[in-house]
Amino acid sequence: MKVISTEIDIASCSKLLVNSRAGALAGFEGWVRNHNDGHNVLQLEYEVYNPIAESEGDKIIQEAKTQYDILDAYCVHRSGLLEIGDCAVWVGVSAAHRNEAFDACRYIINNIKTRLPIWKKEYYQNGDSGWVNCERCAAEK
Amino acid sequence: MKVISTEIDIASCSKLLVNSRAGALAGFEGWVRNHNDGHNVLQLEYEVYNPIAESEGDKIIQEAKTQYDILDAYCVHRSGLLEIGDCAVWVGVSAAHRNEAFDACRYIINNIKTRLPIWKKEYYQNGDSGWVNCERCAAEK
Amino acid sequence: MKKSITVIYFALFREKAGINQEVILTEVSSVADLFLELKYRHQLNEPQGHCKIAINDNLATWDAEINDGDTVLLFPPVAGG
Amino acid sequence: MKKSITVIYFALFREKAGINQEVILTEVSSVADLFLELKYRHQLNEPQGHCKIAINDNLATWDAEINDGDTVLLFPPVAGG
């Protein structure tokens, strides 16, 4: 698990999971949307407390490796100011077979969204801004 | 849906799905493994009947768009000779939310594996070769 | 009246039949019956349920009708992905 | 004896408290009681169940003990991804 303040290079991240025993890579990219709960979003700021975000992220990845028959997994999350369409988070999981890869990838992103000290401030078209609280995350899960 | 005989450029494929309303991209990459059913695999040959593979692939993508609340989906499959670690198939699905993206991505790859006129010939370390039949696919589903 | 059908074989079926394609004369009327005739002709033993047939580049159901001049594609068990 | 605790506020809590961090003297013994005290001090109204606390860079349970000299991180509801 890595928190970075620059663009996520998905091709390079994906290469970290290359393994000749792997038949499947399930990937997830979270993009900044132009709307949320009926508001028009212009940009987004992620505040991250890196030490715990990374240690808790590594713990989630370790849990996924214990619970699912996968080969490897990796996650990168952005911090700082992002524009619409930017990739905010990437999760990749390699496995011999695809079902395990999909299940583990979902487990990781679900837990990344609810357990890591990461806060999202949205800046709206009408000039307002607001911290997105976890209620929506809980409903989405 | 596209069948191609050259390397799949995943970053470019992924860009086709960029959409400012999209918050999630679920992706699947199928890689050539070095083993299958206890055999050591050296390389793999895909024979594809392109006209029906592409039309049936488009039909599967259309079904996914009808059944799941997604924005867009795309699939590329290789034909010809592939080496261990090569990407044989890529599926990408964009959606506002991640659950729909994951479900649709799984639907598409499951159906790509069982409905398209694509045949896989494995070349083994012991000099043998063999067509992989659909029994394993059915079990994997 | 006998129908003239072009049959194209793929993958395992092409190797077993020893040919890419052939033109046959047949009296069968359904895809399922044609499949049986071709299985017997080339000693193919893959069960029908694992195979597919296309007529003139469209996947066909087993009860579809065969017409004179059709091109039939014989697909052994698939393994995409 | 009063304990000296460094409290660091994040995101919404930092904005509501109007400060990044402060050192407080307190008599509470558990994380849950400290959270209550800080909520009252800065008029925070997010329910405990949606928040998290870390002690010295480790996520803590609500019944964990607070010791003199600890650094406590106060996390409002998270929204990663």
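Which chain is which? They are A, B, C and D, in the order written, and residues in each are numbered from 1.
The criterion applied here is as follows: contacts are C-beta pairs under 8 Å (C-beta built on N, C-alpha and C of every residue); 3 or more make two chains touch, one makes a residue touch a chain.
Please read these numbers as outputs of a predicted model, since none were measured by experiment.
Q: Based on mean C-alpha positions, I'd like to know which chain lies farthest from chain A.
A: It is C.
Q: Counting in whole Å, what is the centre-to-centre distance of chain A and chain C, each centre being its mean C-alpha position?
A: Averaging C-alpha atoms per chain gives centres 48 Å apart.
Q: Round to the nearest whole Å and give the separation of the Cα centres of chain B and chain C.
A: So the centroids are 26 Å from each other.
Q: Which residues does chain A have that touch at least 2 chains other than itself?
A: Answer for chain A, listing residues that touch two or more other chains: 30, 109.
Q: If you go through all the chains, which pairs of them touch?
A: Final set of chain pairs in contact is A-B, A-D, B-C.
Q: Chain A touches which residues of chain D in the complex?
A: 10-12, 46, 50, 52, 54, 57-59, 73, 75-81
Q: Looking at the complex, which residues from chain B come into contact with chain A?
A: Residues 10-11, 14, 18, 20-35, 84-85, 94, 96-99, 101-102, 105-106, 109, 140.
Q: Spell out the residues on chain A that touch chain D in their complex, using ranges where they run on.
A: Its residues touching chain D are 30, 47, 49, 51-53, 55-56, 77, 88-89, 109, 112-121, 131-137.
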